[in-house]
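Chain IDs A, B, C, D, E and F follow the sequence of writing; residue 1 opens each chain.
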Amino acid sequence: MMKISPQTQASVLVESLPYIQKFHNEIVVVKYGGSAMSNRALKEGVLRDIALMKYVGINPVIVHGGGPEITEMMQRYGKKATFIDGLRVTDEKTMELTEMVLSGKIASEIVALLGRNGVKSIGISGKDGQTILAKAKSPDLGLVGTVETIQSDLLMLLIREGYVPVISPIGVDEQGARYNINADEVAGALAAALGAKKLVLMTDVSGVLRDASDPNTRISEIKIDEVDHYIKQGIVTGGMIPKVGCCVSAIEKGVQRCHIIDGKKSHAILLEIFTDDGVGTLIQK
Amino acid sequence: MMKISPQTQASVLVESLPYIQKFHNEIVVVKYGGSAMSNRALKEGVLRDIALMKYVGINPVIVHGGGPEITEMMQRYGKKATFIDGLRVTDEKTMELTEMVLSGKIASEIVALLGRNGVKSIGISGKDGQTILAKAKSPDLGLVGTVETIQSDLLMLLIREGYVPVISPIGVDEQGARYNINADEVAGALAAALGAKKLVLMTDVSGVLRDASDPNTRISEIKIDEVDHYIKQGIVTGGMIPKVGCCVSAIEKGVQRCHIIDGKKSHAILLEIFTDDGVGTLIQK
Amino acid sequence: MMKISPQTQASVLVESLPYIQKFHNEIVVVKYGGSAMSNRALKEGVLRDIALMKYVGINPVIVHGGGPEITEMMQRYGKKATFIDGLRVTDEKTMELTEMVLSGKIASEIVALLGRNGVKSIGISGKDGQTILAKAKSPDLGLVGTVETIQSDLLMLLIREGYVPVISPIGVDEQGARYNINADEVAGALAAALGAKKLVLMTDVSGVLRDASDPNTRISEIKIDEVDHYIKQGIVTGGMIPKVGCCVSAIEKGVQRCHIIDGKKSHAILLEIFTDDGVGTLIQK
Amino acid sequence: MMKISPQTQASVLVESLPYIQKFHNEIVVVKYGGSAMSNRALKEGVLRDIALMKYVGINPVIVHGGGPEITEMMQRYGKKATFIDGLRVTDEKTMELTEMVLSGKIASEIVALLGRNGVKSIGISGKDGQTILAKAKSPDLGLVGTVETIQSDLLMLLIREGYVPVISPIGVDEQGARYNINADEVAGALAAALGAKKLVLMTDVSGVLRDASDPNTRISEIKIDEVDHYIKQGIVTGGMIPKVGCCVSAIEKGVQRCHIIDGKKSHAILLEIFTDDGVGTLIQK
Amino acid sequence: MMKISPQTQASVLVESLPYIQKFHNEIVVVKYGGSAMSNRALKEGVLRDIALMKYVGINPVIVHGGGPEITEMMQRYGKKATFIDGLRVTDEKTMELTEMVLSGKIASEIVALLGRNGVKSIGISGKDGQTILAKAKSPDLGLVGTVETIQSDLLMLLIREGYVPVISPIGVDEQGARYNINADEVAGALAAALGAKKLVLMTDVSGVLRDASDPNTRISEIKIDEVDHYIKQGIVTGGMIPKVGCCVSAIEKGVQRCHIIDGKKSHAILLEIFTDDGVGTLIQK
Amino acid sequence: MMKISPQTQASVLVESLPYIQKFHNEIVVVKYGGSAMSNRALKEGVLRDIALMKYVGINPVIVHGGGPEITEMMQRYGKKATFIDGLRVTDEKTMELTEMVLSGKIASEIVALLGRNGVKSIGISGKDGQTILAKAKSPDLGLVGTVETIQSDLLMLLIREGYVPVISPIGVDEQGARYNINADEVAGALAAALGAKKLVLMTDVSGVLRDASDPNTRISEIKIDEVDHYIKQGIVTGGMIPKVGCCVSAIEKGVQRCHIIDGKKSHAILLEIFTDDGVGTLIQK
């Protein structure tokens, strides 16, 4: 970067104008997870990117994951993580540890980093203001939940007043019982409920790959009616199936574009928003 | 209670009217801690009392503590709690565990219980919206902090919109460093910054006692200019000294009345607000 | 009441919470009349009950009657009260006296008593802001009117700003002619127009009685489609017929529950709102 | 008027523009009393004038008197009116009758007439919203009161929302006791409290006269520091002394101009506002 | 005017009340043009009339023409004005001169005169806030445009804040190209888009005349379904055809009444608004 | 620019964050003039830069000049421009031509170009809303004016609603007389009145030069108390003296930084705002 002249810098800024206009005052929901969350440099990079989005007039909403840190803490408590179809079976103790990690550690750290970047933000669990009403997903999974309703008043209030909400994927039911929900699902449901223009799912792969072992086979765009076809062909598989599913569901509820991107790539979100060449897989109508 | 007739119930309600009027639209800061937080029945009682306050037009703000649970978790991580003058020496790992317990467990549980009582509430750490700006208290104490400034915008916004803020006593500085702060101190500073009418510190003793071993020696009222005298006489001692100090400081900044009450006593807060006979020690000008 | 301990008082308050929640921010229209208006102690009791309702977050709207005092004043002016089907035949002079009694005496006194109980209130005649547009009910009745339209702007403004409106049942037409309207009818029309949750008609009997001479035969609940049946059976008779009619009409326009209660019973309104055992006859869908 | 051509009408309108501009959005308090209140044609004229003021952007506030009608009603009740220094000695019964006449009859009639002229108005007694806080004037006078404080919130709310307040000169104290207050005094106190630009006192004489028996000796302007001189000279005498006193007091609290005019003169208020030649006596600094 | 007594003036004002009420808070769009714009005395008269309208609670919106001054300026630049069907063929240079005359001279002068009459006003071209979106009318006419859409936000904002908009009939397209539009057309389109109650087209004739050479043959009212008939009969001809067309179109979009009046007649607009006898031709449903 | 990778673009954006934060929600007044206004490419560049400022949260206010085009138009009308101390002697005809050029041509064109860049803007002369109250500067100069008062209501309203005001430097007095004012003076007065954070004067030189013939001798910063010294030394001379004077005056009224920059330099404003190395001369306290 050293060699970029001020003149060139100014030109780059001016060239970003059409993209800034396009997202002016729009909500963009970012599922933040994977390596971009565990690596300190990546983490600071992502949050600076989000601070920039905020300052140029976009309203980012962050939903974070936290799987590895939950597992680590469970070990500390002598508990073994069990997964069914990629979902962590959650008993009372696991739930308690999950909440502590998500709200008490991860969201909290994101809020502090955004604050350092001059952005007012606030950690929100789905319990706050009963924002995420949930129910159990399956008797076998214990306190694993699925979103029933998003009550968006609190989030809209905070967004309108200039705060970036940092959301831990925890739900609650009317009796006060809490649930551990998949962060992609929460991000998709929020994007739909908040009328977001864009949903970005940050992963550790560069998108949907024709050949999982070769990053150069990335599919840059999938129409939602092609999804079944890709699943049948075995191209969309495993953990990618629910991710793509969240995107399809969000699009059907009015979100315009969903992106599955590689959080390890520097400035991945900005590239998706401020350039014409996306970096991951775009899912749209 | 079985034998109270509906007629009598109605009379009791009407007799509470002058108290309801007195606190109408006023903010009351409650430091919630001690046994009232560890015992399930007491906990539900306190939060129902707070729900009632909210519904009769008072704006409660809760600041919670969490010492014992932090100690327990530290043990799980093989760390030994060290205290200097009653303050927990806090290294990075301790700070991380502290935050997880306070924001991720205790605040979260309070929010869920209030929700079940029909009250919209939200867990707020001092990092959210940089509400509590803090600095290190002393080099020997590590990340133990002391309040520098309360930035009350976020809290006032939430109160105005009908939410009960549940505050974890964690501070942050401009560089994003976090601090563990004494909950009494935070409650006092918030009461002053929010223009609260009353500050209630919930403890495990029935107030300031002339004879610590005899609950019947409770002093029902202390003027702030008598405090030094009581300290010299050895009546206000130990952990009670900083508590009384928080009260004095809050009163000097405009709070009218501070109460040190016994959280184990059922409906202690309501008794302090809705009857003439206080249950603890009142500190005032 | 002497023997109720503060503890018990607090318990009673907490037990009223579900009822307070149910009526939070709702409008309750109270037709205030009969003995509860002529007896000083009852009057003070009723208005203290209404003050309590206001302070716990309910929006009461009072419609008052005033028959006996009008008759008394007419006598003073040497006029004889004539009634057709329970409605006072109203000539110009009678109308003038009626207005003086209703607005200038009764409403005015209620406003003063509420003020003394710390409640901001305001006397409103249907002429103020042309709130009650009316027309003549029948050529034989002179200036006896019936409600045509409620213009609720002024009332909603005052309610929103925290005032309790005290309404004299006088209507006006576009030419400025004034009408004497039955207070039950006005209360019912207002309950419907203001979207009230509940309408309470205060009478001198304990509700609809199977045997008019035996208060123990009170019918505690009538569905609106049973009303005709009760009339045919001669159980709902005389002055009770229009009262029940106002309730039916209000319920058909969206009011949830109407109550005919005995104003002589102490705290009758509170018992209807804050306990499960109603004291009069409930009319609902 | 028949012979005024449309062209001339338009010219007259245009010539009134500077006066309309001068009073745009200003409050003008009118004490309405005397013959202009008892004669039907005059009454309709005055209220049409006030409707015009309202529609061209001025905010009129009416304070009405009612002496003769009170006396008449007292006779009906066999009570004899006694006056000390022009003030009606007021016992409980007199107070009750006074209120009925003022709020229940006179204000009510004014509101109806304004309504017929397309103006939203509302009768307000000093008890409504505890607008006029008062105390007893002298032990000898019974319930004759004097203004202590004007609580102007309710009036400002109503003015802002486009209502013309019609005020009965009745005060109240914190205990709910009511007082009969001189209407000129109330008008002066309101003009000061509401920041009125002008106070107009309507009387039955054409202003302050050098020779009380000769209307041609009207003094068109008095500076407030000349008042004592006029009193000493016996030119300002009797009932005119308190009227001039109200004006002086209002001017000292910021009202710019006070007028004592003859309400029997057709369009007297409009002439005072919309022409350069006043019709009564102007009192100013 | 000398001989009009103050009494008569007041009477005239009161008689205008019903008209003032009728237009209270309504928008009236005035196409201002012809001799009333070139003659200094007429100009001052018209703008004083409009100031009066504003002060009595009407919201006037002015659309001005400017043909003769454009022609004059073109001559200065050695350009010859060419008209096709009464529309000025407009090349780039003509457009530039047109804009300078309309926005830079005529609107600017109107704003100054209104300011002198105490009215806040603001010159608005259709380019400001892209208020008038337009397209070319015909390839032969160059930059002569026709209205596509009125974007009324800016105008409604200014009206709400008390400004009188003075609109130059210039349109713009999304690419920033500007168009010269007929002022009558703009006035009609604005009246429809702003929900005006009345549209007034100021011309140099006294309305639609049966015999163009005889002003006494004015038709005082035309229903919109009679228009075709009048055109076929050769009564509505030449430049009057598009004027009547604008009126018909405005009425079809909700404007109640359109008037074609003679701007040379003194107070013509006021006569149309404040008297029953209109001065021009009324077109309505 | 071709060779800048998307990655680098993203980095440049992120590096601009601190500058965007610094000017968030602040007003920046830009005097736009000189070659940057006459050259089409420069013009489009400047307005795109301003559009970018608007979209990243800054509130730009443009004041434009127009000297050369006024001179050109005067020639067309056979008038000779005469200058005294650099100020154009202005008679009535010159004033008329000046206004036409400034409001009708230059402002109008800027508004259209901003519209094409997605920015809502509006041309404002100092006559609109009587924004710039002015008086004659000197009898010798005719209608050359100087600012007396800025009435900022209209501008603040438009800024708050998201419009970029484009201001022609024309003033008006209470009698409606108009004045031609130096654009630098208007820009300085507006910056002070609007509480701008920064004032940028765009010229045709690269700032204050030690040696006027050598652009490399630019002085990058002048403290306001050094100004006299630079004038005495003959470094600040000629037309630069009033420019520097405007800056000094603006700074004394609270503007933090004023810049004299070369409008011919591409992206000059952005470089001044978004980089640490200014491009012109900074004047500050």
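To be clear about the criterion, a contact is a pair of C-beta atoms (placed from the backbone, for glycine too) under 8 Å apart; a residue touches a chain by one contact, two chains touch by 3 or more.
For clarity, every value in this text was computed on a predicted model and none was experimentally measured.
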| item | value |
| --- | --- |
| Rotation angle (°) superposing Cα atoms of chain C on chain D, nearest 5 | 180 |
| Fraction-based call for chain E against chain D, same above half, different below | same |
| For chain A paired with chain F, centre-to-centre distance based on mean C-alpha positions, whole Å | 44 |
| Rounded Å distance, chain E centre to chain F centre (Cα mean) | 35 |
| Distance from the mean Cα position of chain F to that of chain D, given in whole angstrom | 56 |
| Chain A and chain D, separation of their C-alpha mean positions in angstrom | 68 |
| Multi-chain contact sites of chain A, meaning residues that touch two or more partners | none |
| Arrangement of touching chains [line / ring / star / complete / other] | ring |
| Ring path (origin chain D; first step to chain E) | D, E, F, A, B, C |
| Contacting residues of chain B [partner chain C, same complex] | 1, 4, 6-17, 20-21, 24, 48-49, 51-52, 55-57, 117-118, 266-267, 270-271, 274-275, 277 |
| Touching residues on chain F, where the partner in the complex is chain E | 76-77, 96, 99-105, 107-108, 111-113, 115-116, 120-125, 127-130, 154, 157, 161, 163, 170, 172, 174-176, 178 |
